[in-house]
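Common to both upcoming complexes is chain A, partnered first by chain B, then by chain C.
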Partner chain A sequence: MIEQFKEWYINRHAYAKQWKERTGGKVIGTFCTYVPEEILVAANMLPARILGSHEPQDVTEPHIFGMFCPFCRDSLAQGLKGRFNYLDGVVLAHSCIHFRQTFNSWRIHLPVEFAYYIPMPNTAQTPHAPAYHRAEVDKFKKAIEEYAGRPIAEQDLDRGIEILNRNRRLLRKAYEHRKLDNPPLTGEEAMYMAVTSQFIDKEEHSNLLEAVLKELPQRKLPRDAGIRLMAVGSENDDAEFFKMVENVGGTVVIDEQCAGSRYFWNESVPNGDRLAAIANRYLDRPACPVKDYPAHSRFQHVLNLAKDYRAQGAIIMQEKFCDPHEGDNPRLKKYLEENGIPTLSLEFDSTNPLGPFRIRVEAFLETIRGEELF
Partner chain B sequence: MEDGKIKGKAMVLSGFDQEESAREALEQALKEAGLAREAIGIIVTTGNGRKAISFAKGDVTEARAAALGAVFLYPTARTVIDVGAEESRAIKCDATGKVLDFAVNEKCAAGSGAFTEAMARALEVPLEELGPLSLRATQTIPMNAQCAVFAESEVISLIHSKTEKADIARAVHDGLSSRVVAMVRRVGLNTELVLIGGVAHNPGFVESFKRTVGLDDVRTAAEPDFVGAIGAALAAAE
Partner chain C sequence: MATLTKYPTAPLKCWPKAKEIRQQYYKDYAEAHDRGGIRWSGGAWAFDAVPMGLGDDVHVMTGEPYAASIAWDRKFAQECQDATDAKGWARDLCSYMRIYWGSMYLNRFFFGGEFPKPDFYYQSQICCSHSKWDQEASLYEKVPYFCVDVCVGPYETLDESRLNYVVNQLHDSIAGMEKATGRKYDDEKLIAAVHNECRSTSLWAEICTLNKAVPAPLDEKTMFSLYVLATLQRSSKQVADYYEELRDEVKDRVARGIAAVPYERCRIITDTQPPWGFLKIYRYMEQFGVVSVGSVYTFGLEGIFAEQEDGSWGPRKTPQQLGIKIKNRDEALRVTADWNLSRPCWQHFYDPRIKTRMMLKMVNEWKLNGVILHLNRGCEGLTVGSMENRLGLIEAGVPVMTYEGNMADEKEFDERRTTSRIESFMETLGLKQIPEAAVAHAA
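After this line comes the complex of A and B, so read on.
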């Protein structure tokens, strides 16, 4: 049953097209993970995150500077190759400059009915952020209402919030199983499970999660967990990498990435003011480094995850040229190591040389095992 | 060249002494043309060492020479793709061979001929056999590494995993053409392409380039390594 997530991951475009045919609804492409999807779901739209394909491509060179991150180029390439031609709209809630470039390029070269930029503050920690962002979420809601041609009522917002929260709760529950001595799911499977929630209809995704949760207690992997690892970093849905790591004696038991836990970790807390609840949820979520300034709130969160899931080592997956993460990683590495979590730093491109990576991962696992011996 | 006709040509390896190499090439070309040194009205150089040749009257940039030469040989050419050993270039030009825009692979050797040379070494095949070998490939494997050094270790990993040599050769050419095509897109891709430079001799690269760019046919200069020299001669005539 859990294999369905992988199926969805591989056939995500076919899924979105079928969803559209089936429901007659609008599919809205989301950039990064700060778009308040509650509003889209309240308007019966399907939010579908724009991701790359991890294939070599040669179409973005005229549009994005070579020193912008490979993920933003890979994402734009999918649009330029026509793979997202079913999208009715695109939305970016401001994250990094690289992705804003992708979004703007997309607007220019791939016109859609609805393109909206939410100027979400990066200084999410300032006391002014909640009021500011609430107003922006409100503006976004009005824009969606205008586009949909009908108002979003309070009960619609409640439904949107509950659909998102239920999905988040279920993903957290599924992640709980990864704390076991022998987790019943691999890191690769968990990645498919988490990342598909970013483009599959949330209720459908949650229904499958509920069914999978019933199955997990009986499920056993045909191998020992080996060394328990944490994956930390920027966007990373590099299935081949996870597969390789889990073939050489490790199991990824937890992640702190936006293709995984950072996306779903916290819920909107209802407080009467629905828009404030939505806005605050995105300000309070485990931060992308771009929104984690001046306090590096993220470091403690990463360490807590590592401890809760008993990770014996962390692989810091640095997306090449991703400046926000590049800024965090030297200090994060030091912080984790000071707290007893050895780290391996690898630089990721949209496609990666698995051979040389394997050698480094094997050596890393060996050093962790070595410490166990003595 | 004389009156738009090539009288003689020669190619020598440039060693440490560029002037000496140029002199040797000139002598060979004169021999082929059956001409004396005095019969030459004007000598113009192009290429990396173009400033180092004291007996030349002038020099033109590689991009200008390539565009002039390509349009002379193929009058409809508007995008000239020059893939050499150390550098590759895409040049957009007009009907007179005037350079309108150009892009050069500036960051990585994986977009130039030196890459195929290194990969041929890793595969233990002579360079000239790498192209024909890759035409026998039965599957397409993506070359994941984005740089020449990592690509070499990736090739070694592929060798270790018993991948067919022909398939690895195709992967090498696909990696190269993907970088070249990305560069071409910076100046604008059109169908009036002509491929020049030494790597155009490599049928494996040409096949992969066509596939990457999505064209059934791409013109390849008959003697791709002489196009720049022809362009320099045309510049001399001007």
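After this line comes the complex of A and C, so read on.
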């Protein structure tokens, strides 16, 4: 049953096309993970996150200069190659400079019916962000209403909030199982599980999660968990990397990445003001380094995760040229190490040198095992 | 291209004064504490009028021009970057930031002595690197960091809620500064500083607009040394007064037909910061009769423009020119927020098409023959969208050349390759070296 997540991951475009055919609904491409999806779901639309394919590509050179991160170029390449030709619209909630280029080149060269930019606060910690962001979420809702040709009622919003929250709750429950001595799911499987929630119909995804959750307590993997690892850093959905790590004696038991836990960790807390609840959820979520100002709130969260999941080491996965993460990593590395979590820093591209990475991961695991001896 | 004409040239009379202001600025910053004054550091895009309310002895050092100054000194620039690399920071990060941090880590001030520790950092958050820059610097120096998020979308979409978001943060930053310095804030000083800020940045836009004249009274290489004053402290009366003097002199040059480049026969603009250690590429272009009359960067990094009544691009009218009286702190903050949010160089962060439109306006109104884009590996913020700008310009029929480089890390600039590309571009524009210009250049 859990294999379905992988199946969805591999065939995500076919899934979206079928969903569209089946429901007659609109599919909206989301850039980064700050788009308030509750609004889209409330309007019966399918939010589908734009991701790369981890294949070499040569179509983005005229659009994005090579000094920008491989992820933003890989993602644009998917559009330019026509793989997202089923999208009816695209939305970006303000995140990093790099990915904004993907969104802009997309809306210039791949016209869709609906393109919307949400100027979401970057200084998410300021006390003025909630009121401001609520107003922006309200504008976004109105734009979606206009596009959909029908109003989004309060009960629609409640439904949108609950559908998203249910999915988040279930993902967190699934992650709880990773705290066990012998986690019943690998890091690779957890990655498929988490990242697919970003483009599969949430209710369908949640239904599968519920079924999987029933199975997980009995599930025994024919492998030793080995060294418990944390994956932390930039966007990463490189399944081959997780597979490699878990073939050489480690298990990724927790992540702090936008393709994983950062996406679903917190819920919208319902209050009388639904739009405020939605807006606050995105401000309060575990921050991407782009939005972690003025203090580094993220570091404590990373450490808490490492402790809760008993990670013995952390792999800091740095997307090449990703300035926001590059601006955090030296201090984050120091912080983790000072708190007893050894780290291994790796620089990622769209395609990665698994051979050299394997040697480094093996050496990292050896150093951790070495410490266990004494 | 027109037949060869030699225009009269003359040095700028107020040039030495610009140098003096700049030298005094760094001296004042370094010595501020000796006189019981306050120092703050941050970005050239910080709301620099706001700390002015703390007193007349408040001195700032903006990080970008400081790092650009160091970039001229390739040896020290390299030492600074090495010091930053040694701390584990990635080499592809903003080269200004790496130089500034390096100077801080080495505890060496470019203008002599130890690195002057500020009392606080103040920054506007629009560029991902800017925000990290001062976050790290404040942690290292153990001083407060006030960060004003200005990511509220392009100015053409500004509304009350977006403006309020910025203004409210500015109010908070004042409270933070009072706490950090133990000083009582003076709203009258803020109001004066906001007026000066508007005056200096509108005047700079006016000066840039005067460069529509043929021959251009200023070339971009010269403008680099002039626009920088606004990046140092645009809200100071001294800078605003200087720009008034400069405006009058440039007006006079236009009236008398004084050129910046004697054999001007081709007009271009560039883009983003140049490779500071290699400004001679501008002199090289002059040998072909090319004058770079500016760029969205030189014009709009600090200059505040607006569409004029006839639809052309020119200086935005200041509150004083519009007869607006600023009566209190909130009004002053609203004015400075609105004014800064209209900054040309903030618009492309949201959509490259806005910048392409600006460039096309410049092509038409500044009578350009081509555009040279610097794909600047040292600055993600100003290089964002450059490739889309290129496509937009080409689509409009404008000849475009690109070259790769880095404003402050010479390791990423290939001088020979760049001059070779320039030569090829000149050929496509039908230009050959002018022997007289080459002789003058060699001399």
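Quick note on the criterion: the second predicted complex is superposed on the first by the 374 of 374 C-alpha atoms of A that agree within 3 Å, B and C clash if a C-alpha of one lies under 4 Å from a C-alpha of the other, contacts with A are read in each partner's own complex, and residues count from 1 in each chain.
In this text, contacts are C-beta pairs under 8 Å (C-beta built on N, C-alpha and C of every residue); 3 or more make two chains touch, one makes a residue touch a chain.
Here the structure is a predicted model, which means the values were calculated and not measured.
With chain A as the common reference for superposition, the partners chain B and chain C occupy compatible, non-clashing space.
Within the superposed three-chain model, A:Pro56 lies in touch with chain B and out of touch with chain C [touch as defined at top].
Note on chain A: of its two partners chain C and chain B, the one contacting more of its residues is C.
Within the superposed three-chain model, A:Lys333 lies in touch with chain C and out of touch with chain B [touch as defined at top]. Once the two complexes are overlaid on the shared chain, A:Pro294 sits against chain C while remaining clear of chain B. The vertex angle at chain A, taken between the C-alpha centres of chain B and chain C once both structures are aligned on chain A, is 60 degrees to the nearest 10. Residue contacts after overlaying the shared chain place A:Asp349 against chain B, while chain C stays out of touching range.
With both structures placed on the common chain, the touch criterion links A:Asn104 to chain C but leaves chain B unconnected. Closest contact between chain B and chain C, by C-alpha atoms in the overlaid model: 6 Å. In the superposition on the C-alpha atoms of chain A, the part of chain A touched by chain B in one complex and by chain C in the other spans residues 61-62.
Put simply, chain A touches chain C in their complex at residues 61-65, 67-68, 94, 96-98, 100-101, 104-105, 108, 117, 119-123, 126-129, 131-132, 135-136, 289-290, 293-294, 296, 318, 320-321, 323-324, 326-331, 333. Those residues of chain C that touch chain A in the complex are listed here as 87-90, 92-94, 125, 127-129, 131-133, 135-136, 139, 145-149, 151-153, 161-162, 164-165, 168-169, 172, 349-353, 375, 377, 380-381, 383-388, 390-391.
Residue ranges on chain B touching chain A, taken from their complex, read 107, 142-146, 150-151, 153-154, 156-158, 160, 174-175, 178-179, 181-183, 185-186, 188, 212.
Across the complex, chain A meets chain B through its residues 55-62, 66, 70, 349, 351-356, 358.
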